[in-house]
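In the two complexes below, chain A is the common chain; its partner is chain B in one and chain C in the other.
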Partner chain A sequence: MSGWTVSLRRSPGRHAAPVLFTVLIAQVLIRDRAWTYEWTWALYQLAFNTVLLSPIVAGLGAWEGARLADSSDYIGTCPRSWRVALSAWLGLILWTAVVYLVGVVVVALLVLARGTPFGPRLVDTLTILTAIGLMAAFGALGIGLGWLIRRRLAAAPLAAALTFCTTLWLYLAGPGQFVTVGGASGSLAGATPNTTIQWRQVSVFVGISITLLLLISRRTSWGVRGPVVLGLFSTLATTIAVVGLADAGQAVLVPYNEPVTCTGVKPQVCAVGGYARFRARAHDDLAPLIHALEAAKVSPIPLVFNQNASPGQVLVGPLQNRFLTGNTSDAALLVSAAYVDKRCFLQTRREDDVALFGLQWWLAGQVGGDRGNADLLPEKLTKGTPADQAAFIRDAVHTLVNCYQAP
Partner chain B sequence: MSTHADNAVAIRNLSVRYGRRLVLDSVSLDIGTGVTALVGPNGSGKSTLLRVLATLVRIDSGSIRMHGHDVAGIRGGERARELIGYLPQDPTDLAHLTVREACYYSMWLHGIRRRRRVEQCTYSLEELGLVDVQGHLISSLSGGTRRRAYLATVLACRPSVILLDEPTAGLDTAFRHQVIAAIKNAARESSVVFSTHLAEDIDGCTQRVVALRGGNVSFDGNPDQLVALATDSAIDNGPLDRAVRMLGKP
Partner chain C sequence: MIVVLALSIQVTATTLWPSSAVSVPGREDVQAVIWPLSPVILGVALPTVLKQGYLDVRQVAAGWQRDRLELLAFISLASLFPVAAASEHEQLVLLRNTGLVIGLCLLATTFLPSAASWLPPTLGPMAMWLLGTHSLSPPDRWALLLQDRDEIVSRLVAGFLMIAGGTAYLTRRRRVRG
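After this line comes the complex of A and B, so read on.
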């Protein structure tokens, strides 16, 4: 049995693993599970747990650090005293990583249970790595704080509170890229974690951990020479990594042209990964609306609906996850959204508003859906002949395509 | 004072201050293989001397060479730690480990190879009567057993220089004999320096007693020479005991 094994076996991380796991799983199960259709979103959302787990890990680290400080006489006479802090940190982080990886397995099972085909990408591995890296850095910070404070009951809650407050502050007011390793309230179809930031995050987290452990080792014995050179090198490398991460900006997510697969004609429906199996149903819901536009001699008509499309592309309509996964009443909204560029200021000109609501009212009527309030709409549309209505719709589409935009 | 060339530890004009207080004042000693007992009243500098030798306290002046390495220097300090086994007066470390785990952990820190760990640890545990409690957490043991467990972690590493601060404190007679026997056994290949207030620890265990008083060496000789110094007839617990008590008077 080696000291590594002993440290792993007796780490406070082992005793706290059930607590860490409960927090992790509770957060996964309590929240809305729209992410189960996307691997990247699922794993990125799981990484948001670091906000809750990091304070616990830092608190455990502080407990361990105070214990080490209590043993400083013993450690100070040992020839390889650097092993003490390193093995304590490794024990804690390995247990944290095990808990986190079990969480990854649970999330993966939930995603697979939803029917989403297996397909995590390399970037998802990087997301897992950054989450564990962040907790590792906070664990090292906790050990350092515990070593300084030397009283376990004071050091542990203080480290936890400091970590939580620092994380929140960085999220809300500071350079968020230093703690944002996950968390997305909406779909990540068309977006992906910024790998440049992720690699820099990994460098910073590893650098901070190593530098802190070297500093602690330096304090264990007055005559430890090795860590001085290594410590200077590590401090320099970490400083460079911190500057690099600060320089990378806060865009933790970047646009991503995720490959889509398409089905059908008039319209052709194109969706990414986990949503691909909903394409046929979406086609069936959209086709009557496209046929109605065609019959009304509207031009142009969106003949393709793509999950990666933005509103207002006209020939290519957008697809929302909500619609794809079952909310078919949104079909009319999606078709009308194809004509409305996101730069349109609809409420500035009354004719834009009337055109949009009129188009939606008419489209909903073509498939027997709920039309809603027609008070604002002209009688030419609401009480006119089919020819009058078709003429109104052609005008409405023309109006929307040429909507008022901000100068 | 011994001046043998093969001395494991050579201390010359060693002075240590805690703030303004001079705790060790120009101490010079040579320590070779065998057992050296440190006696003296509380505050005489016994524990400080052991802590200095254990590289825990930096010296203000003088020099210490351990197997040729300058303990006060950075490189020499690192080398010295390879040679040292130190049992503090009130150890609290490793209490979260079992006795055997603590033994392995200590040996791992001393760089002892995996194959030798099992053999050396088992030997020390048997020697100190700890086999029955080897799977118990140190924190769960009674004070005396805990002390023996810590001693086992030190002896299992088989260091060249063993520094023990009151290793028998709080032990009953049977366990004290066990500990003394283990110390004598270790001293066949190592230099053992231990502090004590008990004559029984010295009797039959060591041929050298060093007494400290006010940070100075007040006596350095064998137990018989120490007895000859004892003149206080008011104490009737035996000549050696009288001598130790005499030296222990502030």
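After this line comes the complex of A and C, so read on.
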């Protein structure tokens, strides 16, 4: 049996694999599973689990590092002793990667079970790679910390806590791109992971891991000097990678014009892959509102609703995943969102609020939905004749289309 | 020494951490306070303090329980300092959470192998903060460390963990194989 196989068998990662898997699956199953309609969102959301997995991996690494430190005298007498630290790290990371890939399979099964057509993209592979890379880097940091502290039960929880705190700190205070490898609380239709950042993340994580392992390996060698040139080169390359990642900015997600398929007229409804089967139902929910606007002689009217559209495009309305998957009460909200540029919310003008709430109130009433509170709204709308109401709605649409006024 | 160091860090952290809620990463519109988790710093230090090597040999000697009782008494008393240093409205929560963390450490140290004994007091609070919080509703019932100061179940669990953990730590003998 080779040394590599032995370290794989004796790795704490092997014994901790059930714990890692439980944490991973618990997060997948406990939380909302709206991501099952989108491959990219599903795999990106899975990568968020690194927030909990990385501390465990770092703790296990610290345990392994302290164990190596205990045996450093013996290890130092062996030729090519650098392989000991490397195989300890590899053993841990291979088990972690196996657990994570099983998690990927579970997520894929959940997505397929939802009826979403098979369609992961190449960028999703990169998401998996960055998640494993982040855990590998924290594993190497853990081994380093364990090597320094030498007390297993002190090093392991300390490494875990430090990893968690560092992750949270970078998430909250930035630069977040050093730890954000996944996690999206909303749909990723129209957005995609930033591949520039992902490649740079991979290079940083690999660089940190190799540099730390070389440093530890140098300490394990007695007579033989460690690979100095390689160590210097690795440190330099990692520094360049860190600067490159810092320079890439914090936009881990970027806009993406995902291919859509469309159906129907007045309105035409266009949705991306996993939501395509809901287009007809969405059309049926939106059509009465569009007809009502037409009957009120409103102009312009959004005649297309596209999942890639942003609010305020007027002729093309946005679509939300919640609406497509069954939350039909959002129909009035989506039609009115077609008229309202997001920048309008930067300014608080009472006439904009009245126009928006008035339009939503009126639209909801056209399909017998819940109209909500009408306290803010004028009597011309709430108690007026249909002609008065139509006049109010035409004015409201005009106000909303022009609500953003550049300073 | 490790306990004193951990408690000093806890006092410093309590004063430096924001007392208001911060955004929970990856959770839309979810915010949660961090300060109730400060006893976890003690929880990070306790496994190495509580775990004693050659336990089967130690337990042959007279007074091993007294040694452990003294250690427990020291930890319990010392852990009150960060509680006393906290503001008035935080004290009850910190007292309860300190009991919870110490109890959890005692049980984990007694019943789990060394390699796993550090996981529950370290990982549990992380999961509570990351997954047990919500934007509009109060934290989940299982997120014990984040419960309101008047919440009765978390107090009972803290008391139970302290008593059960203390009893197990002081009485459970390691089986000698041979």
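Just so it is clear, the second predicted complex is superposed on the first by the 386 of 407 C-alpha atoms of A that agree within 3 Å, B and C clash if a C-alpha of one lies under 4 Å from a C-alpha of the other, contacts with A are read in each partner's own complex, and residues count from 1 in each chain.
The criterion applied here is as follows: a contact is a pair of C-beta atoms (placed from the backbone, for glycine too) under 8 Å apart; a residue touches a chain by one contact, two chains touch by 3 or more.
Keep in mind that what you see is a predicted model, and the values were worked out from it rather than measured.
Taking chain A as the common reference for superposition, should the pair chain B and chain C be classed as clashing or as fitting?
On the superposed model, which is not a single observed complex, chain B and chain C fit side by side.
State whether A:Leu303 touches chain B only (first), chain C only (second), both chains, or neither.
neither
After the superposition on A, what does A:Ile25 contact: first (chain B), second (chain C), both or neither?
neither
Looking at the overlay, what does A:Val51 touch: chain B (first), chain C (second), both, or neither?
Only chain C; A:Val51 stays clear of chain B.
Does chain B (first) or chain C (second) touch A:Tyr74, or do both, or does neither?
The first partner, chain B, only.
I want to verify one number. Taking the Cα centroids, what angle sits at chain A between chain B and chain C, in steps of 10 degrees?
The C-alpha centres give an angle of about 60 degrees at chain A.
Answer with first, second, both or neither: which of chain B and chain C does A:Ala154 touch in the superposed model?
second
In the superposed arrangement, which partner chain does A:Ala34 touch: chain B (first), chain C (second), both, or neither?
In the superposition, A:Ala34 contacts neither chain B nor chain C.
Output check: A:Gly59 vs chain B and chain C. Expected answer is one of first, second, both, neither. What do you get?
It touches chain C, and chain B stays clear.
In whole Å, how close do chain B and chain C get at the C-alpha level once superposed?
11
Return the residues of chain A at which the contacts from chain B and from chain C coincide.
Shared contact residues on chain A (touching chain B in one complex, chain C in the other): none at all.
Residues of chain A touching chain C in their complex?
Spelled out, the residues of chain A in touch with chain C are 12, 15-16, 19, 23, 27, 30-31, 48, 51-52, 55-56, 59, 63, 151-154, 156-158, 160-161, 164, 167-168, 171-172, 183-186.
How about chain B: which of its residues touch chain A in the complex?
Contacts found on chain B: 51, 54-56, 58, 73-78, 81-82, 84-86, 88, 91-94, 96-97, 101, 104-106, 108-111, 114, 117.
Flag every residue of chain C that touches chain A in the complex, lowest number first.
For this pair, the touching residues of chain C are 2, 22-23, 25-28, 40-41, 43-45, 47-48, 51, 114-119, 121-123, 126-127, 130-131.
Can you name the residues of chain A that touch chain B in the complex?
Per the touch definition, chain A meets chain B at residues 1-4, 6-7, 9-10, 67, 70-71, 73-81, 83-84, 221-225.
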